[in-house]
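Quick one: the structure is below, and I'll ask about it shortly.
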Amino acid sequence: MIEVGVIGATGYTGLELIRLLVNHPQANLRFATSKSRAGESLAAVFPAAPDVTLIDPEQAPMKDTQVVFLCLPHAESADVAVQALDAGVRVIDLSADFRLRDAKTYQKWYGVEHPAPELLEEAVYGLTEVVRADLPAARLVANPGCYPTSVLLALKPLLDQDAINDTIIVDSKSGVSGAGRKPKLMTHYVEVEGNLSPYSLGRLHRHLPEMEQVAAWWSKKASAMIFSPHLIPAPRGLLSTIYVRLDSNWDEKKVRQLYDQVYGNEAFIHVLSQGETATYAHVNYTNRCAIGLTLTEGVLILTSAIDNLIKGASGQAVQNMNAMFGIDETVGLPQ
Amino acid sequence: MIEVGVIGATGYTGLELIRLLVNHPQANLRFATSKSRAGESLAAVFPAAPDVTLIDPEQAPMKDTQVVFLCLPHAESADVAVQALDAGVRVIDLSADFRLRDAKTYQKWYGVEHPAPELLEEAVYGLTEVVRADLPAARLVANPGCYPTSVLLALKPLLDQDAINDTIIVDSKSGVSGAGRKPKLMTHYVEVEGNLSPYSLGRLHRHLPEMEQVAAWWSKKASAMIFSPHLIPAPRGLLSTIYVRLDSNWDEKKVRQLYDQVYGNEAFIHVLSQGETATYAHVNYTNRCAIGLTLTEGVLILTSAIDNLIKGASGQAVQNMNAMFGIDETVGLPQ
Amino acid sequence: MIEVGVIGATGYTGLELIRLLVNHPQANLRFATSKSRAGESLAAVFPAAPDVTLIDPEQAPMKDTQVVFLCLPHAESADVAVQALDAGVRVIDLSADFRLRDAKTYQKWYGVEHPAPELLEEAVYGLTEVVRADLPAARLVANPGCYPTSVLLALKPLLDQDAINDTIIVDSKSGVSGAGRKPKLMTHYVEVEGNLSPYSLGRLHRHLPEMEQVAAWWSKKASAMIFSPHLIPAPRGLLSTIYVRLDSNWDEKKVRQLYDQVYGNEAFIHVLSQGETATYAHVNYTNRCAIGLTLTEGVLILTSAIDNLIKGASGQAVQNMNAMFGIDETVGLPQ
Amino acid sequence: MIEVGVIGATGYTGLELIRLLVNHPQANLRFATSKSRAGESLAAVFPAAPDVTLIDPEQAPMKDTQVVFLCLPHAESADVAVQALDAGVRVIDLSADFRLRDAKTYQKWYGVEHPAPELLEEAVYGLTEVVRADLPAARLVANPGCYPTSVLLALKPLLDQDAINDTIIVDSKSGVSGAGRKPKLMTHYVEVEGNLSPYSLGRLHRHLPEMEQVAAWWSKKASAMIFSPHLIPAPRGLLSTIYVRLDSNWDEKKVRQLYDQVYGNEAFIHVLSQGETATYAHVNYTNRCAIGLTLTEGVLILTSAIDNLIKGASGQAVQNMNAMFGIDETVGLPQ
């Protein structure tokens, strides 16, 4: 059994993570923390949650665990990561703190000095399918953002081939749980229902530098991205429609062969058949990423869907844990 | 032209009211106020709102109007009503401040001493269809609550006949805009969507004393009510399903004759045919109240639907204004 | 391992059932049938479904199973039940065919002669918590309807005490999946979204005789029911708000003690604390029934919530299977 | 008064059109037809519709009108248009029959021979803001499709300047009413709610040739389009996010000046301020088109929103009627 702890359990990713861990046959949840709700059951915070008593983070017996999951706001998270690592506990961080490898870029996008820049080099960017070889030895895993997960898994095969020249256009559509549980006008039911809102268009969203950084790791022809997130009247789900111009030596058959070869054996990545497009319904409540491919007029249209709370957050975190501890990646995850 | 002002324009009822007034052929909107958004256009607060510049309430030229609408929180509203009346301006108050005639009952349910108890006697409880004879002379109109509007219009004919003996059971279902625009966990999109929540069951909701007070005005056999509001994943609409035990001398035909007689000439009250039940779709975006009647096993089941923001708030307020100023009640209102 | 088959897999209950069975550690799904989609994968019918190949019902190797689940329209179901029983296979029928014990009542409400009246006496009405003692020996289980499950579990303790005298008023609110997957105007997205519709009010819905039949088994004072179903703009979830007049010797504390005593050890029945009311969020995606209790003015208001597809259909069917085969009832079911 | 008739009143565009016409101060609705519901009131088809009695199309007194609106399926529409024109009645056709000027293109995309190719040359493609000079003399107006309206209004200023070289990428998101009222699995509530589906990606949707045809009229550099429609869980609203690569001599300020100049005096076209993006909330229940502009990395991102049933269908049809009969275009239309 892997002994685990969760720091910050009362957000939507915290809830989803605890649901997964409580039912995980090879994990034992030692504690779950909350500053504001310590002493209460998680079931008092979410009506259908498991009956797990929340404790104050100060009381968390960190040393009794082998790995802790951090579901904290950025900047807060890095400090706790340092404490855990100092205590000899491995860390899977669901915040953005260790996703960008450059402290200055972090400061530019997140508005604060990085609290632990010395750890940036070591952190593994945890797209499990891509970095699973590094995970058994990893002390610190930066769990990817939801938008980057959908986009990077979709683009990886082509970026590896240096097949993309031009600007990549990413038009993403996310359910509302991605915006967190803190009440804001933007997430008020009456404002969202029946509405659809683009936001942070172009090069304004914090997930943009994360995506461009990783794309540059994979392809010499580092492509700029245009990124347009849209808020959708749905509680969960995330779809990215991605437009890339391919060299003329690519046709849809060749693209499809590449994807089948790269992802054919992946349990969680479903490359859809010709004519099919990815939808929320392919992936919600699962750890899947579904990818559709359509090539026309030299432009490849990729549709890439994930459940933002599972493959886009807590499910991928558990998948990373599985790989870190040498067990089958699919254990405890909805397929 | 009736010169009008709106105090407190940035809530959902304020928006709906201003939309109605701006298109009203016999009203002239002199001003709309907002403390927090003074100087901005209402279109900056709501994307599709009319382009009306909001002013600070301190700057409102009250004396240039003949009537002001108050869309303020309870207790705040009464103070402004006093100022307006002192300035010789008539008042339609959309808050709860003048709905209960007894200052002690008000204090019990609203938790504060009534700011202007001397006006309670004079205030007209503005269910337009019921009090239209009093409106031309009225200085101060208390616009009814949304739940009470749906329930009292449905029960009026029977209460007038003293036909109800037993406890009245009211099971109401409301869209979310009734809970206001201030962000709260209860109105967070992810908490509401896919969910359905009863709240304040039994005798806990502030609209209960309002309904019982009015029912007692109409019927010697003052009936207690059980009131169960439910929050529905819809932006607007309100349906009350009401159960009353009738004396055995009533059958459905006799009930239907009574309702046709009482409401047959009402422009906004639609008594539905046998077998039909009221739905949100009958009334949303209109000033209608739709009433369905089904009698079985001695129990009359009434379904009564309104748009909570129109007939349940701003539409009825305009209807009251029309009656106060002697013009056709239907002018400027969606039928 | 229990060898199981599913007849009629392409509806919402079929999908949910197969998801549960595929992940059930002690069941082995031998086949799933579909007339219209034979030869295809269930994943072609529902994008996120398990990849189970559907076969024609004529080809189903009934004899290789110990139990079959029937997810068929009423009247069709009974015929297949006869075939299965003749082949020595136990049956859990999710249709209405064996819920009513009287063939004439069945004919009155379902409009056809009962295809196998000789089996009505034997069929066990499968509210698991109530009939678990009978299940190990049962050959044929009639899985209860969704509305009756929510209502009967809520009323059982009081009916057993003969505590209810007066007409029981049941105001139920159901998500849309209860209406099936066949496209109809009533389930068209644009008709449902933003709307709320009562239907079959009073004594018109087919679940009424089912509820009254069972209530009469439990209480000498057989109470008539008034039943008002409402269609809610949500995909799943079912809440019944139930009003019963109790004798004056009952107070809320005594009621609460009764429910705690009856249901205190039930894994799937959650009696909520004082002041809490059941919501869809308490139960969706679980096999739970959550029950809230509020007593006021001599009227007990019960709120009883289930997921209509799980505890209201496929989850309860699996719970019944578990009990029939002597394994822990909770195995394979979301708690 | 303009005497008008509506052929085919029982779809969502028919309903919306009749609502507008009934409240139009300078139009008189002489008849509304329906084959399937003749003899009934439109209020029996839609609960909140105006009480207009539907007549059989065979009985329609075409000659008593000056203009008829056709809300019929394609191919059916053209035949009725011929009859109306022969009777000396002007026609506004909301179907696709007269949108494409080439009969072969029509046959390719709609699968049938064009029923009246001789009229194609004469038909005015009714984007009102663009063709208003031609409307007073027009006998036959082809009301544009919903997607093309949002896309073409957004691109017109740039196409007129020949400013676009590269492939135009159009990522559109539509509410469900655009798919019509006939029940289909694609529009079943349970399939749509919580889901988001791209469909007909690339160059497969019938609105593509319509958009490309008109773009070629306006710009010598006829640009190919990639068109990706998505179905959104909302009843109404349409947003197109459009990506165009501009020559390097364009910056956002220059683009903004162009749009302000072209559209500054348009009542229904709202060019949004810097940093603003168009949403459904800007336009639903109005005849507006809201356009947002963001230029980054040489790519202009346009967001263009309309209510698909109003500016995308019936509102624009009424706007066309207004222009055809020489009255103010805004009369009778929600702004």
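Note that the chains take the letters A, B, C and D in the order they are written out, and that residue 1 is the start of every chain.
We take it that contacts are C-beta pairs under 8 Å (C-beta built on N, C-alpha and C of every residue); 3 or more make two chains touch, one makes a residue touch a chain.
Predicted model, so just to flag it, every value in this text is computed and none were measured.
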Inset, instruction - Give the chain pair, either A-D or A-B, that is connected by more C-beta contacts. - result: A-D
Inset, instruction - Would you kindly say which chain has the C-alpha centre located farthest from the C-alpha centre of chain B? - result: A
Legend entry - Gap in Å, rounded to a whole number, between the CA centres of chain B and chain A: 46
Legend entry - Between chain B and chain D, centroid-to-centroid distance (C-alpha), Å: 37
Legend entry - chain A-chain D separation of Cα centroids, rounded to whole Å: 39
Legend entry - Multi-partner residues of chain D (each touching 2 or more other chains): 191, 193-194, 233-236, 279, 281, 284
Inset, instruction - Name the graph shape formed by the protein chains and their touching pairs; answer line, ring, star, complete or other. - result: complete
Legend entry - For the chain A and chain D complex, residues of the former touching the latter: 167, 169, 171, 173, 191, 193-199, 201-203, 224, 226, 228, 230, 232-237, 239, 241, 243, 277-281, 284, 292, 294-299, 301, 303
Legend entry - Residue ranges of chain C touching chain A (in the complex, touch as defined): 46-48, 193-194, 279, 281-286, 288, 290
Legend entry - chain B-facing residues of chain A, complex: 12, 176-177, 181, 183-185, 187-194, 233-236
